[in-house]
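Each in structure tokens, the structures are laid out below.
Common to both upcoming complexes is chain A, partnered first by chain B, then by chain C.
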Partner chain A sequence: MADLTRRTFLKGAALAGGLVVRPPAVLGQAKPFAGVTIRGSSFQHVFHTYLKEYLPEFEAKTGMTVDFAPQAFPVYNQRADLELSTQGSAWDFLNITFIYSGRWIGAGWFAPLDELVNDRNQTPREWDAADFVSGAQSSLVDARGATYGFAWEAGAMLMGAGRADLIEKAGLKLPETFDQLLKVCEATNGKDGVAPFVADKLHHWNWIPYLMGYGGRVFKDPPGNLTPTLDTPEAARAAEYYANLLVTYGPSGLLSYTDDQAMRAQLSGRANMRTQALGWLSPLAKHEESKVKSTVRYALMPGGPAGQFPGSNSHGFGIPVGAKNKRAAWAFISWAMSKETLRRITIEKGYTTVCRRSIIDDPAYRKSMTFNGQDVAELYLKVLSLGGKSGYMKYRTVPVFPQVGDKINKAIERIATKQQGARDAMKQAQVEAIEDLKKAGVKLDA
Partner chain B sequence: MARSAALDRRFHWWCLAPTLAVLAVVTLLPTLYLLATSLTPLNLTQPRTAWDFSQPGRNYTFLAADGRLHGSFWVQLKLSAWTVGLQMLLGFLFALLLNLRSRFLEALRTVFLIPMVLPPIVVAIIWKVLYTPDISPVHWALAALGWPMPALITHPAYALLAIIVADVWEWFPFTMLMILAGLQMLPQEMVDAARIDGAGAWRLTRHIVLPFLRGVLLVAALFRLIDSIKAFPLIFILTDGGPGTVTEVTNYYSYIQAFNFSYLGYSSAITVVLVSATVVLSAIIVRAVGWGPRSE
Partner chain C sequence: MNRRAWERRLLHAAVVGLVLVILAPFLWLLQMSLKTQADIFAFPPKLVFVPTLEHYRTIWDTAFRRSFTNSAIVAVLSTALAMLLGVPGAYALSRARFRAAGSLTLWILVSRMAPPIAFTIPYFLAYRHLGLLDTRTGLVIVYLTFNLSLVVWLMRSFFDAAPRSLEEAAWIDGASPGQGFVRIVLPLSGPGLAATAILCFLYAWNDFFFALILTRTEAMTAPVAVVNFMNYEGWEWGKIAAGGTLVMLPVLVFSFVVRKFLVRGLTAGALRG
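After this line comes the complex of A and B, so read on.
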């Protein structure tokens, strides 16, 4: 019955797509980009794996060849940063990584897309740029309202517990507060050989919701006032709490875990809870190698005394200002980000963190996001709206965040390995952050 | 006669000129550019900073106050001293062993070269697997024997040791190969004469072999010292300079400043200091040790 419904939906969607979505004039021509090769890159992500499976259809339709080579996250960001700074033409399209968006767009390294979007020869009206969730698009738009990219991923931080059954057996439920999180960790520690908590080493993403939950912040008032505020009592308390979670309840060697290692630990049932973007948590319910499909449960990111501040971010495709084949690049981006392609990737492949409202509201998407009877799409939307409303994620898109983020990573490592107490480590992070921001010429409070 | 010598000299200079020109382009110009960049606040997001020489001493002032940089010098010193020392010692011992006349040992020489010929990233990944408790056969074996081992690369007391072990494993074959080549040049009559004079193994090594190898040992040590200052793949893959900054050497810190933060001017200033220190250190070592006996 489930298959029948899905198939019926897909047939209907394809029919509607054919009738309603008129292709742009440029794609209406026979092989309008025959012989053209465009090159693009991003960091590795499951979205790109899915997208590449549909690429041959696009290449057959347009005649162009798309050389799309995603790389590891830090490698991609460094290469893109260098290449963009030269304003060279090596790439025709690139991902605009969230933490670099302010820097790359602010430096004028990406081309505005509004002209291409509004040109009916390039983009049909039905493509509907307004359909993208505004929160996800906010980092891809500059202060004047010009758009530089379209989001393929809206990361929304949730809590995923692969072995929620252990929590239930202990007579508890998924934690809603930091205190409850500690209690759950304590009650399930060592049960079935499962580590209660796991995280990857990107503390400047994972830790911030804990910092804000305790009432702290990274900068005084971003983006206007970038004076770091890492040496506050709230920051020390949050750092101590988080470092304790990692070393007391995480698996051995946790501090070197990459994103993928942390996910694998959950998939194999060796670790239980993780607070991370949904893209890293949904495989627990969907991945063919997951051993925790029947026991996984999701919840909102736990909150602290100051409230809940789950991280949210977005990454989108854009066109470097020096790209030679901007029209061809836009043809690719508009195809990859079209309702039809995104619908196929979400429904056929099970991709979860899509940014088009029309797909998120689609019953078929909601159904694909229901895991063990739990409506995870609802949680996902809650997080996106939380981040969009209060603007607490603004700290992350300021151009100097990578420098400050590095100090946070180092401080958490020093606390977790008992090299320093939380207060001293955060004081050192503050001093180093100020020194680095001075190098960038950032005006700071006295 | 004098005219002929002058012509000869001129001819030699003309022959050398293309090589010197290429050398100048590939080494001197980048060095001069590095020096010039170190006098600017070059930041990739602000292209105009590439030619801003208004505060030429700015980066060097930051250097003096940068505690993390000073810490990286100390880490660098420990890493270089241990890796070079151990590689020289192991290289020497294995070279002595492989210099024995035995078909088996001759066949074994190639096996010892494997770590050195592997791409550095592959070496780093091998050690990453060995050091990661979840997937490491070493950790499994020790745990099965009842001796669980902490995760070395995330432990502040062992992280640098873990890098040193991996680096020594990768590069001791290089020193071994150089020393072995030196040993095979050792005139047998010198050894025989010493033996006739009653020298045992220790005195033979101390008074004949080591003095003879002095030049080879010096070159091998200098190679390894300079390479240890350029250490990168093992640190990048295994520890990322952590936990905290326990394994963050100066070269790695300079890389972070340039490619994570875009402070190319500041990174250039660090590199200028590093290059200068390397040149000075090499000169001191060459002067202190000497090249050993030279055949006329």
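After this line comes the complex of A and C, so read on.
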């Protein structure tokens, strides 16, 4: 203690004080955003309902008011697209919807967040941007690696079987390949009045993993080369397989099912297997109206000769370039996407499709995601990692995908209703897609 | 029973059948709004069930109530303003004796000559600069713009059909042109006024597109609010049905009340000349 002079004591105290205050400099100040109001929007989602319950704590801590008004999915996307395309300043933070991410980020309508993330006055080191699963972040990062958003939700396609007991009774297990899927459908068809397979009419989401499993693609090499490749033998084979699955093993009226109707068919035990994002499948184990809680089992999306390509997507918060209060918006996003907030939302509220690895690995989360003794979180993480590694989901983030997706929907419907054979239907889809892309000014291969 | 009576009965049965076919979508919506969530998804569908007002109660406790009020205010105000400005304008054009009267009437239709989407971006940008986005005033102005031409065109034909000799008689008796218009011409055009007002009201009440683009939360109208029950994780069918029924209800009641005027007003043009 002989070396401890008054000067060194004061220096040490100042340093210690600085360390306490410094990391979250913005939040360390008393009400750093007092009087500031930020406005934000997204599409309605249970995540936001949960987040809003914690919002008063954030507002009390920072002094800012957050006017967060989620809207219906189509309404939000329409309004956000118009607002962003005119570089307006009405919103300080917005959701970056997966299917629009290529267009919104590519056009420069969102501000890069790296500077704010790396600024220790704005973001403490422990916030840890690298903790977000790469697969969930891939659509929120541009080709140069700049980050424009952080994912609050990820869709990971799995197989969910509400009546796995019927499969076990038939002496089989949940299918891992397309061939096995057909065998399971055949063996359980009509048992207990249950249709073996169900899907909604969004074939441009549901069918693509089958297309890729057979070695096909939607575009030649997205996002660089957007020449459609729908008229290949692989595409015809995958379309024939999938249409047969729907018509032969689906409940009546299946071709007009919305995603909600397909989920209801599973919840009520009228249909067994579905390949869809976890958000649509986890209600089988958790929803109060589910009649299949005790019999539901999950598996990875079955694979084809070319491998497994489960669909994945993600939605994240970002800051529009025209936003007036970027620092305040980032304070909100970094709070909403912090480990602590996300942990509370997952553990206290039971939110499932979180994108931070540290939370997915958390024993409490694992426990909440264990259904009938099965660790579904592990399956979820596997799918997100797959999508991030090979980038096979890039096709979905290109701005012209909705037009091509529409042609895919119609082609599958034509095949399923026997209006056309698979080869002819996919050839027609190819011709129509090329016409649309040319009209949109996309450069295609000769 | 003679042949004529049989024919009449057959005709009545055909009318009832036709009405049922026409009303089927509405009746389906109505019964869905009165079912529990479980009954809505029951398979096979339940035709006999215990009705509940739960969906109506739920949506009335949400922002839907404000949207419903917005719809009512905007539709009534824009209709009233369009009638207030358009009816005298139509009368003036009907009685005008100048060369450009014909082309002027045609120019009034300009706002109806392009699909609404053509006006969206200009409106959106102008409103942003004027601070009219997400305001009832903004919506009233848009609907007024589009309804004004409708009022002028419809009412002009009614005024053309009204005999001028009656006005002239009133003038001889000392009435001013304004008094002639208010006391003689307007009462004669009652059915036309009712039909035109209903069409204006329906346009504003049912509009989805402009309300979608030009509002956010404060001035959101009922048709957009109904779509807000279509969530990412599932559609709330009971609420959608209850919201849809509530949106239809005022129009049905209003049309029922003024149905005689409406029929006379809509067929008046057919008898002209």
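The criterion applied here is as follows: the second predicted complex is superposed on the first by the 409 of 446 C-alpha atoms of A that agree within 3 Å, B and C clash if a C-alpha of one lies under 4 Å from a C-alpha of the other, contacts with A are read in each partner's own complex, and residues count from 1 in each chain.
Operating definition for what follows: a contact is a pair of C-beta atoms (placed from the backbone, for glycine too) under 8 Å apart; a residue touches a chain by one contact, two chains touch by 3 or more.
Computed from a prediction, not measured in an experiment: that's the story for all the values here.
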Practice task
Evaluate whether chain B and chain C can sit on chain A together after superposition, giving fit or clash.
Solution key: clash
Problem - Which of chain B and chain C A:417 touches, first, second, both or neither - result: first
Problem - Dominant contact partner of chain A by residue count, chain C or chain B - result: B
Exercise for the section: Could you say whether A:72 touches chain B, chain C, both of them, or neither, answering first, second, both or neither? Expected result: second
Exercise for the section: Report for A:263: first if it touches chain B alone, second if chain C alone, otherwise both or neither. Expected result: second
Exercise for the section: Using the superposition on chain A described above, determine whether A:223 touches chain B (first), chain C (second), both, or neither. Expected result: neither
Exercise for the section: For A:82, select first, second, both or neither according to whether it touches chain B, chain C, the two together, or no partner. Expected result: both
Practice task
Would you sort A:432 into first (chain B), second (chain C), both or neither based on which partner it touches?
Solution key: first
Problem - 58-66, 130-138, 220-228 or 256-264: stretch of chain C that collides with chain B - result: 256-264
Completion exercise
Dual-contact residues of chain A, meaning touching chain B and chain C, are 78, 82, 270
Exercise for the section: Would you mind writing out the residues of chain B in touch with chain A in their complex? Expected result: 41, 43-47, 62, 65-68, 131-134, 150-151, 153-156, 238-240, 242-246, 256, 259-263, 266
Handout entry: Complex contacts: residues of chain A adjacent to chain C
Key = 41, 43-46, 69, 71-75, 78-79, 82, 86, 88, 90, 258-260, 263-264, 268, 270, 279-280, 289
Fill in the blank from the handout: Listed in rising order, chain A residues that touch chain B in their complex are 78, 81-82, 85, 103, 106-107, 201, 251-256, 261, 265, 270, 399, 402-403, 406, 409-410, 413-414, 416-420, 432, 435-436, 438-441
Exercise for the section: Would you pull the chain C residues touching chain A in the complex into a rising list? Expected result: 37-38, 41, 43, 120-121, 124-125, 128, 133, 212-213, 216-217, 224, 227-235, 237
